[in-house]
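Single-structure report; data block below.
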Amino acid sequence: MAINKVVASFDEAVKDIFDGATILIGGFGTPGGSPSYLIEALSRQGAKDLTIVGNTVGIGKELMQVVASFMSVPEWWYDGGQLAANRQVRKGIAAFPVSASPLLVSPFEKQLRAGEVEIEIVPQGTLAERIRAAKAGIGAFYCPIGPGTMVEKGKETKVIDGKKHVLEYAIKADFGLIRAYKADRLGNLIYRGTSRTFNATMAGAAKVTIVEVDEVVDAGELDPERIATPALYIDRIVVRPDEGRAQIKQKISKEEQLQT
Amino acid sequence: MAINKVVASFDEAVKDIFDGATILIGGFGTPGGSPSYLIEALSRQGAKDLTIVGNTVGIGKELMQVVASFMSVPEWWYDGGQLAANRQVRKGIAAFPVSASPLLVSPFEKQLRAGEVEIEIVPQGTLAERIRAAKAGIGAFYCPIGPGTMVEKGKETKVIDGKKHVLEYAIKADFGLIRAYKADRLGNLIYRGTSRTFNATMAGAAKVTIVEVDEVVDAGELDPERIATPALYIDRIVVRPDEGRAQIKQKISKEEQLQT
Amino acid sequence: MAEKERLSRETMAFRVAKEFQDGMVVNLGIGIPTLCVNYPSPDKEILYHTENGALNFGPIATPEDGDLDLVNAGGQLVTTKPGMSLFSHDESFAMIRGGHIDLCVLGAMQVSEKGDLANWLLPERGIGSIGGGMDLAIGAKRLIVVMEHTTKDGQPKILRKCNYELTAPECVDMIVTDLAVIDVAKEGLVLKELAPGWTAAEVQGLTEPRLIVSSDVKEVEIM
Amino acid sequence: MAEKERLSRETMAFRVAKEFQDGMVVNLGIGIPTLCVNYPSPDKEILYHTENGALNFGPIATPEDGDLDLVNAGGQLVTTKPGMSLFSHDESFAMIRGGHIDLCVLGAMQVSEKGDLANWLLPERGIGSIGGGMDLAIGAKRLIVVMEHTTKDGQPKILRKCNYELTAPECVDMIVTDLAVIDVAKEGLVLKELAPGWTAAEVQGLTEPRLIVSSDVKEVEIM
C-alpha cells in the first residue's frame, strides 16, 4: 500500500479534535502563513475549552476589517480569533496576545478582561524553542531570555557562564494546525517565503500534525535538499480550494525572484 | 563595500587558530562531509593542545588505507586523525572516538591508551544538540538520553513527565571547520546529500566558522528557500582545489535524482 | 516661549542609521526603527534580519508587487533581494538568542539610567504583547533605542528606574530621541549630541537621571 | 552430538522485517539490521531513516553509481528515491529523540531480562563508541534487538543483568536471535518462536534468565 496522508476535506481532517485539547496554530499573525481553512473547519466542528498556542491568539474577522486599512486582508483569512469569537478557547499561550493599539480589542481580549479566558505570555523566541523542544524530545532548557522580568516569576533559574538563565519547559500539544505551500503524499513539505515561520517549527511538535497546502505533488517532485519539513512530522494533508491558490499563483508570476 | 567572506587560501583561513583552542570539525566520519583541506591546513599550521569536537575524532591517513577495502577513500580525504597523528590534540569530544573493530587502532586511540590525551564520549544526538545549543544561545537542556548509563554520571537530573532527564550543557567552541557544497560571497550555504550532517549543525556554533566549499556563486544564484545555512553564521569561505570538485562533479552527472 | 523644534522621526532614523557599519546584520523593530532602512550610506552593505524568518530581504513592496508570503515583522509586504534566505521561527530566534544579530533598534516606553528597557506593557491596559522584544534586547550584540524624549504629557521617559514592566534589564547601549543622543556607559548616561537649538540644561530638565555631558558634545546632524 | 543448525543472518533479518508495518519509519543499525532492508513484503511502503541525515533513501549503491555525498550510518553508499529528504544532524536526532521513529533495529552484546541493552563498550578494550545507539534505544517507539543467542564461547548474551556498560535500561521490546524470537513483556521474557529443530529446553539452557514459553510457541519461518 502506498502511503497517502491526504484527507478529503477540512472537516474530516479536524473531526477528532476533542474538548480541552491543546492546539498549535501556525503562522505569524498575517494571512500568508495562516492555516485558515483548518481554523474555519475547527470553528464549525465546535470543540470547546481549547488551549491555543501560537505567535498571536488571533484577532478574528471583525478586527480584520479594521486592519484592512493598513494590511492586506484576503477573504479566506481566518486566525485563532475565529475560535475565540466562537467561545471555543479557554486559554491562550502566545507572544502577541493583543494588538499594539489599545483601541483594537479582539474577542480574546474582551473575554480576558471579563475573566473568561486565561493567557500565558511567552517571549517569541522562547515560544518557538519550547515548541521545538516538544518536537525534539527535549524536556526543558535553560534560556537567557526573561531574567529580571515578569517572565522569570515562579521559574527555576541557574547562572551559566555568568549569565542568569530561566528554565523553560517543552509545550506538548495534542494537535498542530499548520500551513505549507506544497506537499507530497508522504508528507514532505515546502513553504513559501516568510510563511515558513511558526509552521515549520510546529510541524511534528504535536501528537497529530495537520497541514493545509496549496498543492499535492508526486513523490520525487520536491527537491530533497529543499524539503523544509520531512515526511515523518506530518500526519494529515488537506488541499486548499482553488480561490486561495489562484490568488497566490498570480503573485508568483509577478515575483520571479522568490523562486518556486 | 560589498561583503566578501572569501579568503584566498586554506592557510590564511586557519592562521589565527591558537594553542588550546576548541575546534568543531564537521562531517560524519566519511569523506563526503569532511572539511579535508581545512584540516590539512591546520595540521600544517601546527596549533597545539586542541580540543576537537565532532562525531568522530578521526582515524588518520594510515587507517584510511585499511578501511579503503570496504569504503571509498579519495586521496584528498583528511579527518581529525591527521591532527592526532601530528600530536596537536589534547582532548576529543565525540560519539565515535574509536572504530568498531578493536583491531583498527587510530593515532588518537594509541595516545588515549598511553594517557596522553583525554576523551569525552557523548551520545550522538546529545552531541548535535549541545552544539546547536551553543549556536542558539541555550545554556543547557534536560535530555532524556543517558539516564541509567555512564552518561548520567556526575550530572544533574530531573524527572519531567515521569521520565528522568540529564542536564547537558552547550559546547562552546572557538572555531568551526565545516564543509559545504556552494556558497555565495555573503556566506549563504547549500550542502549536498548526507554531507549536510554535522556541518549544518556546527555552522555558527563557534565564535568563528570557516567553511570549505566546492564553488562560490553570485549572490542570488542560491534558491533562498533551499539555503540550509543563512549567511550570518559564516565568517570565512575557502574554495577547494579543482581535483576535489572534479570527482564530485563526475558523480553528479551520474546521479540525476540528487538534484543540484 | 514658543516650543522649540524637536527632531523629526526621519531625522531620528537618519541618526540611528549612522551607527550601521558595513556588513552588519541588523534587526529593526516596528515604528521609527523601520524607517532606518532608508538611510545607511550606499557604500555600506547591511543584511536586514526579520524575526519572522528572513535575512537580507529587500525594501518595502509597492501594493502591486507585494506578496502575502513575504512580509516583515510589522506585517508589511517586502521584496526579495539577491542573497536572501528564509527560515523557520525557531531558527530565526536561534540567530537572535545566539548572538548572531550585530545590532537591533527598538522603540521604548521607558529607559532607565542603567539601560533597563520597558517597551511592551502599558499598566493601564493590564495586558500587552511581548513579541520578540525580550529576545532581541538580550540577544543582539548592540541595542539602540529610538523614541520621543518625553511622553505626550511632557513627562521624562528616561528615568532613574523604570516603573513599567521590564523588557530586559541593562540591555540598552544607546538612546536616540527627538532631543538628544545619549550613550549608556558604565559611568552613567553620557549626553553626546543635542538637537539644534537645545542646550544640555534644557534636555537635563526633561530627563530624570543626571546626564554626564560629553566634553565633545555636538549638534545632531540634520538630513 | 553434532551442533544443530542455527538461523542464518539472512533468516534473522527476514524474521525481523516481518515486524515492519506499512508506512512505518524505520532506522536500521549497522550489521545484521542493515540486511532487513531486503525483506519487507513488497506491498508495504517503509520509510528508512538514517541518523546521518536522510529519510526515505534508496537501496545500497553499486560501486559505479555511488556518490560520496549519499551514505547511510554505516558509511555505505546508498541511492536516492522519490520522496527522499535530507537534513542536518541536529534535525535528525530531534526526529529520533522526539519519538518520530516508529521502529529501530539494533545489534547487541547483551540484553537483560528487563530489556536493558548493552551494545557499545567491550570491557577488555576499555573504550568504545556510543554513536547514536543511546538516542535510538530511548527515542524509537519500538526497539528490536537482533543478535547471536550466545557469545563465541557459547556463553549466554541474554542475562539476568547486563555486566557491560548499558546503552539504555529497559528499552528492548523484542529479541530475535539465531535460535529464538523472544518478547520482552511485563511478566518477563516470553519465548514466541524457535529455530527449526530446537526445543524450548535447549534454548533455555543457553539463556540465563527464565523464559516463559508462550502457549502458542511455533517455529521461525525460514526464507
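We just call them A, B, C and D in the order they show up, numbering each chain from 1.
In this section, a residue touches a chain if its C-beta (ideal position, glycine included) is under 8 Å from a C-beta of that chain, and two chains touch if they have at least 3 such contacts.
Since this is a predicted model, take the numbers as computed values, not measurements.
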Chains touching both chain A and chain C: B
Topological distance between chain C and chain D, in contact steps: 2
Of all other chains, the one whose Cα centre sits farthest from chain D: C
Distance from the mean Cα position of chain D to that of chain A, given in whole angstrom: 37
Centroid spacing, where centroids are CA-atom means, of chain A and chain B in whole angstrom: 34
Chain centre separation (chain B, chain D; CA means) in Å: 28
Interface hub residues of chain A, defined as touching at least two other chains: 129, 132, 136-138, 143-144, 191-193, 220, 224-225, 228, 257-258
Chain D, residues touching no fewer than two other chains: 80-82, 86-87, 93-94, 96-97, 139
Chain-level touch network, classified as line, ring, star, complete or other: other
Which pairs of chains touch, using the document's own definition: A-B, A-C, A-D, B-C, B-D
Touching residues (chain side chain C, partner chain A) in the complex: 30, 50-54, 64-72, 75, 77, 79-82, 86-90, 92-94, 96-97, 116, 122, 125-135, 138-139, 165-170
Residues of chain B defined as touching chain C within the complex: 1-3, 132, 134-138, 184-186, 188, 204, 218-220, 222, 224-225, 227, 230-233
In the complex, chain A residues that touch chain B: 129, 133, 136-144, 158, 160-161, 163, 165, 169, 172, 190-193, 220, 223-226, 228, 257-259
Chain A residues touching chain C - in the complex, by the definition given at the top: 28-33, 55, 71-72, 74, 95-100, 102, 109, 112-113, 119, 121-126, 128-129, 131-132, 143-151, 181, 191-201, 228, 247-248, 251-252, 254-255, 257-258
Complex contact set, residues of chain C against chain B: 22-23, 25, 43-45, 47, 49, 55-56, 80-87, 91, 93-101, 139
